[in-house]
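Before anything else, here's the structure in question.
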């Protein structure tokens, strides 16, 4: 499976994602510049964390105008898996592939720590290797990670099983402890926690590995939804 | 040169954590009569005079970049400049 | 407004307001130039001859510090020092203080401190892999200090998180003497995968000088002299010197500089960051080191503000700017290279062979001086030290009162300097890059080196109370404490960087403290063969004539040869045996409990036996290499009370101990001690290594109770109560 | 109820890192005639009517909390409200 890791000016978890794919699940990954205009030939798109354009103005806002974005949207619409982590999630909401918005943490500051997540839906292309309601340890590292959406959207997310991960404890003020959601079709996942930082037990947890393995599994054997 | 002043504010339905924190701080500072604080963004954009569809451009810049329509609204004023 | 003429500068002694003394001015005009320097030239001398740039007051003392070992590839003199770690790899590190800027504008002061130290590392071609920070504030009992703490921490996180370098450790302490003079020291470590590093040199006639990065504005003008000046109420107006950091641009600069140095070393002769005293210090140092001259045309310098004078441009401390010296045939290649990173790069001058510094502005020659005179001709001052009066009558040994053993125990845990700092350091990204094996919260931070079995351990340590009580022994303790943190993590100390934070060195008592403490540091470094490869001096940390405690900060780096040696301070399993290595005496002078009970620290310190210290370090490393230790924690502030509690907290374990020590001795801070745990099956093997000089205290439990039996007392403490005292102290104070 | 609108802007001499990034983005979006962008903060504070020294209070809140006097300046407008 061949992944594109999109690199914006200011992305800083691009290499972490690159290693998660290449070392973690032994697949091919390319770092693809925000300036590129084609994503032909990729089976999956990964949008890394970091501070694209310094997160100036609003996290993800400026990156959503980069040339590559058109292609990200095209592949998403074709049903290819698109995973946005942290700043990647913020970008996916800014470009409208995912509903809602990530705003300042309730504490009004950046938080970096290991947190517990609950797998709310294991019938997705990203989570089929997890058990339903499995508790996993994944680090967070963000200042603007409080998920917000209006009531109607929230209802829809719940009805369609689009909430994929919730925090074990409400760590940042997100509505209904939401940590990660997919689009309606289920092929675009955005999450604030960093599974790519949790693929080796020496670094504190390898619970993130199954997420990448799930994507691979889907590619090989299709989704069992 | 044309100066455009843009105000971006959170929609009323969205909680403003920063505003709340600031309100609390004003109380600690000894101003209990501050009953609400909302925090927004303020921009000054300068355009070269030859801007043809100025209002349209400003709307597009606000919708597409300066404000997040999920949670924010905006308004602006246009002023000529020397 | 026109600039003062050279004659006016002399007559009105304008140079004095910039920090040049009469004799220095005389030296410049009579000996060096043979004429009166003009306005711009006077400005250049005043910043380059400031303490911050020239070390004129501290050079003599700094020479005491050893800076060589078999591993040193570059020592002081470069942007940062370099230590060989084998396999053709090296680590590059340095610490820098940003005390005054942070006092004035805490967020930006701290942020640009981090930005500056990162530039020092990547200008060597090294990839930054870790950050640390050492912070000192007044007691958190007023809004101003809370604001300072909050903003400084936010500034450090704001910069480091954004640029994507993990902050893996540091320290935060609170002491009255820092109330108006907070200390903000930041350290960066970089990795060089190729030890063919670049010197920051501008050599070779007609080679070009390239400016790259942000535009130049009027920010931070005279920041360097400002940093070398005492602080007082009167100086509020210096607020105009605020610089604003842009970590986003710095990330681009960092990636570009590392790439150009690593991949295109044939294009370039030197790279240097523009730090304190911006353009003048970077270019003059580069040329002077290479024995060349330099011609600059300021009209090419990208400017953010209109009508900047030559003086302003040369002295501006706008952030995120670098200078390179390149070969002319690669001009286009270099400019295109930076263009691809969306960075502005321009040619601003060239290297000449006449050793003159010639600067043109609006087609006029505005500076024409021997370039060496800025860096080499600075007078060096030999201050005289006098032992301060407080060292009279100091023969007493303090004896703590333990009215309630339990209350005293809790007071240690909730003392702000000992209590958990997680509320603050959790706002730093400690994991970005996915190499951090030990995050803040243990003894040293540890990052592994991908693709090898190696890891790097690092710590920032200072103990200004001990330095205040006895500068010489305190200086020793500072290094020893750092070394113990490295060793307890499984590393071998390989090098040191320092920030020497003191008051006004022209005060003989302060100079004595500086001189003595550096001697203490030097003696330990020599004994342990750990070189000081870089550092920074911050003097004049005074407010209305009240000086801070003498506060040398040691940033130590250790090499962990195999990641399997990485050890942390937390207890792992119930049933594990707890050992104390090293003997405990009645060492209460300068201790946390003395401070708590007397409201100050005082008295004589017992001499430290460096052989015992070294021996204990080796025993710990041996036990680690034999895979015996489940946890290892050094004893420092708060003695055994603090150490054993901290070890229990992370995994929420209890313990049951029975010791020959008295209850009071639980609070003693005798040096050279470690607390370790092992599986019970390893008892014999450990005791064989430790030989004597240890005590088996008891064992780890999972019953959430600390059960303590001393020779003269016993008690039980609920884990939850101890934990909340330790964990909640700082968040409570910050509310 | 009294509504106070406060505008906090960076001093001209201070580099506006956000404004620069936003300006570049407007160019990428196809509005090359945007020649300058400055980003500031906008606050709406509501005071209970009984505010006696309103202007003084607002000045103190701005100086001590909303604006960082090292790098920012502010201005405000006071409006009555229903």
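First chain written, first letter: the chains are A, B, C and D, and each begins at residue 1.
Just so it is clear, a contact is a pair of C-beta atoms (placed from the backbone, for glycine too) under 8 Å apart; a residue touches a chain by one contact, two chains touch by 3 or more.
As the structure is a prediction and not an experimental result, all values here were calculated from the model.
Engineer: Mind listing the chains that sit against subunit B and also against subunit C?
Structural biologist: A, D
Engineer: Measuring centre to centre with CA averages, how many angstrom lie between subunit B and subunit D?
Structural biologist: About 9 Å separates the centre of subunit B from that of subunit D.
Engineer: What is the distance, in whole Å, between the centres of subunit C and subunit D, each centre taken as the mean of its C-alpha atoms?
Structural biologist: Computed value for the inter-centroid distance: 36 Å.
Engineer: Two or more other chains touching the same residue: where does that happen in subunit B?
Structural biologist: Where subunit B meets two or more other chains at a single residue, that happens at 64-66.
Engineer: Could you list which residues of subunit A touch at least two other chains?
Structural biologist: Subunit A, residues with two or more chain partners: 53-54, 56-57, 61-62, 65.
Engineer: Which residues belonging to subunit C are in contact with no fewer than two other chains?
Structural biologist: Only 246, 248-249 qualify.
Engineer: Would you please name all pairs of chains that touch?
Structural biologist: A-B, A-C, A-D, B-D, C-D
Engineer: Mind pulling up the subunit C residues that touch subunit D in the complex?
Structural biologist: 104-105, 107-108, 214-215, 217-219, 239-240, 242, 244-246, 248-249, 304-305, 318
Engineer: Could you pull out which subunit B residues touch subunit A in their complex?
Structural biologist: It is residues 13-14, 17-18, 21, 64-66, 68, 70-71 of subunit B that touch subunit A.
Engineer: What part of subunit A is in contact with subunit D in the complex they form?
Structural biologist: Going by the criterion above, the answer is residues 53-54, 56-57, 61-62, 65-66.
Engineer: Considering the complex alone, what residue numbers of subunit A touch subunit B?
Structural biologist: Listed in rising order, the residues of subunit A that touch subunit B are 57-58, 61-62, 65, 93-94, 99-101, 103-106, 108, 146, 148-150, 173.
Engineer: Could you please specify the touching residues of subunit D with respect to subunit A in the complex?
Structural biologist: By the definition above, subunit D touches subunit A via 17-18, 21-22, 25, 28-29, 39.
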